[in-house]
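Input: structures, listed below.
Consider the two complexes below, in which subunit A is the common component and subunit B and subunit C are the respective partners.
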Partner chain A sequence: MIESDGTASLGEARIEAAYGSGDGDDTSSATVARPMEGKIFEQIYRPWNGPLGPRWVRNYAIYRHHVYGIVSGSGHRRYHPFVRLLLLVVILGSMTPILMLLLSTLVSDDATGFLNRMWGVNRYNLWGNVLGYFPRNLCMWPLLTALVVGGLISDDRRNGTSAIYFSRPVSRLDYAAMKWLSAASVLAIVILLTYMMYYSAAVVFKGEGWSYIADTLPIFIGGLLAGIFLVFTYTSIGIALSSISTSRFTASISFLGYILGSKLIAWLIEIQFNTTYVYMVSPYDCLAHVGQWLVGLPSNYDHPLALSVISLVAMNAASLAIFASRVASLEVTRE
Partner chain B sequence: MSDPVIQIRGLRKMYGPHTALDGVDLDIGTGGIGILGPNGSGKSTLFKCILGLIRITEGGGTVLGKDIVTMGPQIRSSIGYMAEYDSLDPGLTAVDHVRYAGELLGMRPDQATQRAHEVLQYVGLEDQRYRTIDSFSTGMRQATKLACAIVHDPQILFCDEPTNGLDSSARQFMLDTLRRTISDGGGTVIMTSHVMEDIQGVCERVVMLSGGKIVLEGRIDELARQITREIEISVWGGATKLEEWLLTRGHRVRRMGRIMRVEMNGDETISAILLGASETNAQVRVLKEYEPDLEDIFLLIMQRLGKEAKGASAIIGGRE
Partner chain C sequence: MTNPPAVTLDHVSKWYGQVIGINDVSIAIDGGVTGILGMNGAGKSTLFKLLMGRIRPSKGSVRLFGTNPWDSTAPYRRIGYVSESERMYDWMTSIDFVSTLARLHGMTRAEAEFRAEHALSFVDLGDVLNKEIGKYSKGMRQRVKIAAALVHDPDLLILDEPLHGCDPLARTSIMNVIREMGSRGKTVLLSSHILEEIERITEQIVILHAGRLVALGNLHAIRAMLDKHPHRILIHCEDARALASSFIDKQPVYGVRFLDNERLEIMTKDLSEAHSILPALILESGVPIHSIENPDDNLESLLGYLVGDSR
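For the complex of A and B:
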């Protein structure tokens, strides 16, 4: 129906009804933002009155910051892409026995056959998955530790970032414990998780039952304990070296030098003088010695097991003492 | 002064045989407070004691009603601290850094993220917040440190040399921001700086330390009023003769090139200066009453203090 005043026939009324245009458009003016002279932005102080979480929330933040940085590209501690790549290579490398286990299962049914002895679950393989020298303790674990732990404290010393922890309600004990735990977690994920995956894969691939598990579980737990000792010791030594340096390179190279160098010197002395006592200075050999006992393997070393245990305890105690002392000396007001 | 947020009584801290703080009594209310003192005067030790970071040898006190001896973590939850030296992780972006600073106080990650954006906007880094710290200028780093310190809207903000290494515009922005933090935040800003002008620009009150003791405390304007007034003249030609003329007639004169400051003894001083200028043919181009600033107070105290800490009120009155 056409309106009597004729406006509807031009279609303007509908536009006005829909968009409100036409009414006073000619007289109104646009509101244009006018910057105030000398001000480049509007500075507004916004108060905040939210709740602050308890101690465990703060500690978990430290832990998360360091562990998530391994997988997350941003938002957490930055690990160099090379470190992440190496971590991936180490994880894949430490999982190769699982692949070989699968292959041996597929090509052979013989439980006592060569392939099974080579890749299946037995004392030697469980020990070797954690404490085998080549490639794990020569190339993989020490390098992994050096790269993950090297900058953990030394970066804080160099950048002065210890101040952001200690000027907040984070105690030195919490700081040290969370740093240690985050490093140990990364090592544990790589070393212990792949070890557990290997054992689980053996059970699954071969369709083993409870009796098999009952037979092999004590050996598996022995190897797991040896792995825990390894993670503990490497983390402690690595973090102690990181805490006495302001350079992650120095800390990392010192760690590699100590782990590999002490082994090399002890080996040279063994072949020259036919004694294994000097292996007591080598963290790897002390761990290997204890690991052999835990898994139930004959020892490669002539010296008593007790000496390796004492040496391990002394190494860990000394490392943790150095670490604690260096953390205690970290300054808030200046470094 | 408003109700004190920090109360320190008989605070004594010894490092072996060395006394870093010696019986410090201090009340700090809301507003801006400058802590001054030469190197080794005990400023850092006082900060550490107030933050509950070190064991106190003797005495005690409270911060926001919390005991500094037993409640260090609770105190550090309520205060913000902006360190003098670089304390930033160069690999993190500004927003990640501030968020992590918030999480270290116990904030939930989502709260900390939101708050990080808010405070970075406040310190002028809104457009730069996704850049990594290693690409920041000194001014931007200082602003990031301030953002980390105020992420939880603390009641007390400690700033250790906040304008260190800043150019004039960045310095002005930092001082404006601190002033705004006091006025809009309604809290306390405790600040140290070697630039007296900065302290004077932000703080109303000042505490001066020397040899582990408080030698001066009070409002800057009141302290300035207590300093002996001087007449400042700018002399072109004959300045040395005029200086000698004034000195021989018992006036106390400080000369800095063409500028001379003559201690004022009523209106006679001005008459004496004009008479001296007339007799020595010196051209006095400017004559005005000198407004002493914080630097004058500080220098005067330090000059007259010597090694022994005396009562400051007697010293600033010019009557040693």
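For the complex of A and C:
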């Protein structure tokens, strides 16, 4: 029997069947809670007639979502704390020449002194700040790219979160361009900004004048161009690998494998057969070759510069074509 | 010049190789709530994918506010879409998530936060908007999606199975939201394979079956039409034979069947008339009744009548 007197709560109900100490002949009883009266919740909708921003406002929202995530986890793309820590280490690592410049200034090392030769502004150091192999292109830049770009598209592919964008007035071109730009920006901040800081610090610490700037600016701009090519190429290859994968780990490892593996194979072939042509398959070596020409350094490679340029263009074109093709098919067959 | 309808499909067909997703469907929908009914594989998802520009029609044309969604994302400024399968950023709080999506529509940060808070309160999540989405229940997640779809005050709301997996409280909340939007003159399209769900929200329905449009219009009108077809009423009582004798000579009843001693099935060709005489006859017979059911009152039966044996 169920009775409802409207006063007792469920906690007072006797449940003889389960816990009763009687012999079972008693009349079973239970008490149900009195139903609540009134509305469960109130729903009031207020229309909104405000203007919606143009395309660039929407695109900026995508861009900032990805870039701001590095410094603020709230409301933006989530970057793992390890990635953030590594970014900090890479930024600090790429700023060590500035510290050494300061040191050479403090110990009054002259222009031909050891510290100045090692850390001061010259063609080799400007090139090395962007394209030096160890530690920058062996450890820092590839790892930075792999960690930043690895999950950029693959996470969306795995989770289906790209539909969030395509259900809104965001075209696939906007989506792809902003993803690419946000990754390139992070790389540019680390690689190019620290490069520019290094050059500016040299001018400021040494108290150099306009004539010094006029002398070194072309070399600096050459190095800057080489850095821009590096950021462009690494971002394109990384994002292409991310777009064909559903795992950020696979995308990152593939990127590292390609950058470091192609260099290793080319090096083994060079020492075995004494030819540098195979370096054409290595993105780093193509960039280094072009970079040497841009800053006016003697080339380390036997093959013509044009082949490295063609290879670089082909790598970027192929990467962007893969990326565009994968983004075009995103969410088309899902659901 | 008059405004084009929110949704226009003109002889639209979509096939995937040998499989037909949508077959020659033509509809125009503008204003109010419209339920898209169909069993699994009927073409509801294909229809929504066509509307959302995810796939291109093999034949015919799709227009949202007069614009082809495959060619332009412009109509999406006026559309809110809730996908059944769409994932969210689980690490974000609902306020962050909804305001992030509001910014994808071009709102400023202040506008986005203000509207996100309002939209979340409207779907009854105002007290948990600073909680991470990953910690939400299925019904709460569904309401976050609806809030994200409403945040920019769209003119057209497309909801793919919005009540799927929700508890009764969440269902009531979502149904209230849908009815409210419809009453404000917005166009709301929602899909479901459960007739009762749609019936509680709207009278305007579109029924799809095997990619074809089999019925379109007012649910009551379709029901009235179907009422003239054979129907069954299942009565669970204490003495089926005693109750049957009260029905057998009455006009709308053309047959009775005993499933067992306590279950009686009545066959009628006029369901409304049968239900109108039912209470008086039961009282007259004095047989205690446990339940009365209409086994044919579901989408499957409705489709059975609409498409006949071709199913």
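In this section, the second predicted complex is superposed on the first by the 285 of 335 C-alpha atoms of A that agree within 3 Å, B and C clash if a C-alpha of one lies under 4 Å from a C-alpha of the other, contacts with A are read in each partner's own complex, and residues count from 1 in each chain.
Basically, contacts are C-beta pairs under 8 Å (C-beta built on N, C-alpha and C of every residue); 3 or more make two chains touch, one makes a residue touch a chain.
Model, not experiment: these values are computed from the prediction.
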Partner chain(s) touched by A:G75 [first = subunit B, second = subunit C, both, neither]:
both
Is A:E270 touching anything from subunit B or subunit C once the two structures are fitted on A? First, second, both or neither.
neither
Regarding the shared-chain residue A:L52, is it in contact with subunit B (first), subunit C (second), both, or neither?
both
Once chain A of both complexes is superposed, is A:E208 in touch with subunit B (first), subunit C (second), both, or neither?
neither
Could you list which residues of subunit A make contact with subunit B in one structure and with subunit C in the other?
40-41, 43-50, 52-54, 57-58, 61-62, 65, 74-76, 78, 159-161, 163-171, 332, 334-335
Touching residues of subunit B toward subunit A in the complex: what are they?
44, 47-48, 51, 53, 72-74, 76-77, 81, 83-93, 96, 99-101, 103-109, 111, 115, 118-119, 121-122, 124, 126, 148, 151-153, 160, 177, 180-181, 184-185
Quick one: which bits of subunit A touch subunit C in the complex? Just the residue numbers, please.
40-41, 43-50, 52-54, 57-58, 61-62, 65, 73-76, 78, 159-161, 163-171, 331-332, 334-335
Interfacial residue positions of subunit C with respect to subunit A in the complex
45, 48-49, 52-55, 73-74, 76-77, 79, 81, 83-89, 91-93, 96, 99-101, 103-108, 111, 115, 118, 122-124, 150, 152-153, 160, 169, 172-173, 176-177, 180-181, 184
Touching subunit B in the complex: which residues of subunit A?
40-41, 43-55, 57-58, 61-62, 65, 74-78, 155, 159-171, 332-335
